[in-house]
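Each of the two complexes below includes subunit A, the first together with subunit B, the second together with subunit C.
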Partner chain A sequence: MQTAEAWVATPLRQFLDDARVRVAVLMNASGQVLGQAGFARSTDVMSACALAAAINATAGELGRQLEGKPFEGVHVAGRDQQAHLGVAPTPRGPLLLLSVFDEHTSLGLVQVFFEEFRARIAKAALAIDASAPQLAADFESDLNRNLAALFGRT
Partner chain B sequence: MSAFQPALSAVMRLRGVTACLVVDEHDGVIVDSTLQFGMRGNVLAALLASLFRKARQSVAAAGFGDSAFLTLEAERGRVCAVGQGGLVLIAVADPRTNLGLLRVELNKARAGLG
Partner chain C sequence: MSLVNYATREITCKIVYYGPGRSGKTTNLHYIYSQVPADRKGNMVSLATQTDRTLFFDFLPLDLGSISGFTTKFQLYTVPGQVYYQTTRKLVLQGADGVVFVADSQVRQLDENIESLQDLHANLAEQDIDARTVPLVLQYNKQDLPAGLIHTQVELDDALNFRGVPSFGADALHGPGVFETLRGISELVLRKLSPSGGE
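So, the complex of A and B:
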């Protein structure tokens, strides 16, 4: 597991241990990565984050159109693997957690432990400096900085 | 009313049974349930479906067949589960429940699962 910001490490590690997911990536709603596990290449993380942020935006708008409030959980069941995308509201804005899992766990378990993750990450966010910007002015350099922190490049 | 309500009602009528759920064994999500107020049904469903699946796989690996009746005894109650056709029927009961009767009802209800 690698994290670009230290405060997300404990909640993310706990989620990975409990839910037994294969791959997980935590990002903000704009798709900036905060932590990941299971990815080997930064380009894969970048793609996953961009797609997850787009899916969240689409699902949110679809929910608003249909039910007057955004859909907050997306689940896609493949033949061997499944994906779950959940939204965790925090004082620093909503975070997205994309998880990919197989038959070693289940959707129910992922949902249960994601609920616990939401509580932990919100608590962890409270403890950090609330005045720090949630989205840096220079989005691209911040995105690259986070990816470099995860994959050890400059 | 879902097709599972008669089975759930029959199990819930037993003295001391506090929850009865039909859960998808693979996904661990609730298909139908009757729960006492305040019980976290989704947590029960996810954890017990996972436990049942692993127990059933263990029994199959030991060469004892595919069906299983799972009983989990704890200090202040017990959980029983039977499975059929990818669904698990779970009963949560306190210690005063007659285990024999519960077992009979669960096995009867299993036939209606799928």
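So, the complex of A and C:
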């Protein structure tokens, strides 16, 4: 498991252990990853988050147009694997948890443990310290070198 | 805002390419995708219509490597430029750390550029964001077209760049200006995380 912010680690680990899902990705509503388990490449995680955030936004808007309130929670049942996307409100704004699971667990179990996760992550969000990040003052040289290398200009 | 993990020293930033329809936002991402080695990028996701216009967004994850000891990753998005995709633009713009405004340099597209720039400011204001505080660069695309058909960079600066932000001429289809634009917005976004804090 990897986390982009340390405060999400314990609730996410607990959810993974309890629900026995194969893949779990926690993100904010803008699609920025906060923690994940099951992916090997960070760039694949970012793609999954962007798509999940889009699904959540689309489902929300669809619900507002059809029922006057956003649809919350999406479940997709595939042949061998299923996906569940849930929304967890926190003091730092809503977070999305995308889970992919197979026959080792069930939708019912995932939903039960997602409810517990919602409570834990909301509580964890209360305790965090949002201190300002700082790069070195001369970060530009690193940036220029890395971008030049990315574009094959070295 | 940028996500920063001090324990693992990772930074993730969201950059949105904004602008009117057919100005070349998706073309920018395609060019970047074509230039970056496979181990430093993810799959480029394009949710497009059958006519190949962006329907929801394009998305490209990039690994910039280590900057000041932080592993730095960028999420590049485009918004659909067509006027009727207003809701989608708002959604994609949420949480953006920086914006690249891609303007179409063609003389006949000036009104669309101005309208799209106003739309950007309105959508930021709707999210309670002061547009003057968001890292922004302008790209004047299609500068490769015949001189009679396009505005010069100076003319476009006069018409669009009232904030005096960095601006770049570009030919996104063939590459000139794409790298410089990405470097420009990267610098502005990361400067916000430096001691000067973007001042």
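Everything that follows uses one rule, which is that the second predicted complex is superposed on the first by the 128 of 154 C-alpha atoms of A that agree within 3 Å, B and C clash if a C-alpha of one lies under 4 Å from a C-alpha of the other, contacts with A are read in each partner's own complex, and residues count from 1 in each chain.
Everything that follows uses one rule, which is that a contact is a pair of C-beta atoms (placed from the backbone, for glycine too) under 8 Å apart; a residue touches a chain by one contact, two chains touch by 3 or more.
Here the structure is a predicted model, which means the values were calculated and not measured.
Student: Considering only touches as defined above, state whether A:Gly68 meets subunit B (first), subunit C (second), both or neither.
Tutor: Once the two structures are laid over each other on A, A:Gly68 reaches no partner at all.
Student: Which one hits more subunit A residues, subunit B or subunit C?
Tutor: More residues of subunit A are touched by C.
Student: Using the touch definition from the top, say if A:Gly78 reaches subunit B (first), subunit C (second), both or neither.
Tutor: neither
Student: May I ask you to decide whether A:Asn28 touches subunit B, subunit C, both, or neither, giving the answer as first, second, both or neither?
Tutor: Only subunit C is touched by A:Asn28; subunit B is not.
Student: One more residue to check, A:Arg41. First (subunit B), second (subunit C), both or neither?
Tutor: second
Student: Using the superposition on A, tell me which residues of subunit A are in contact with subunit B and, in the other complex, with subunit C.
Tutor: Subunit A residues touching both partners: none found.
Student: Taking the touch rule as given, give the residues of subunit A at its contact with subunit B in the complex, in rising order.
Tutor: 103, 105-109, 111-112
Student: Help me check something: in the complex, which residues belonging to subunit A touch subunit C?
Tutor: Against subunit C, the touching part of subunit A is residues 2-6, 28-34, 41-44, 46-47, 50-51, 54, 57-58, 61, 132-140, 142-144, 146-147, 149-153.
Student: Flag every residue of subunit C that touches subunit A in the complex, lowest number first.
Tutor: Against subunit A, subunit C makes touches at 2-8, 10-12, 14, 35-37, 40-43, 45, 47, 56-57, 59, 61-70, 72-73, 75, 77, 87, 91, 94-96, 179, 182-183, 186-187, 190-191, 193-197.
Student: Would you pull the subunit B residues touching subunit A in the complex into a rising list?
Tutor: 23-24, 26-29, 42-43, 45-47, 49-50, 53
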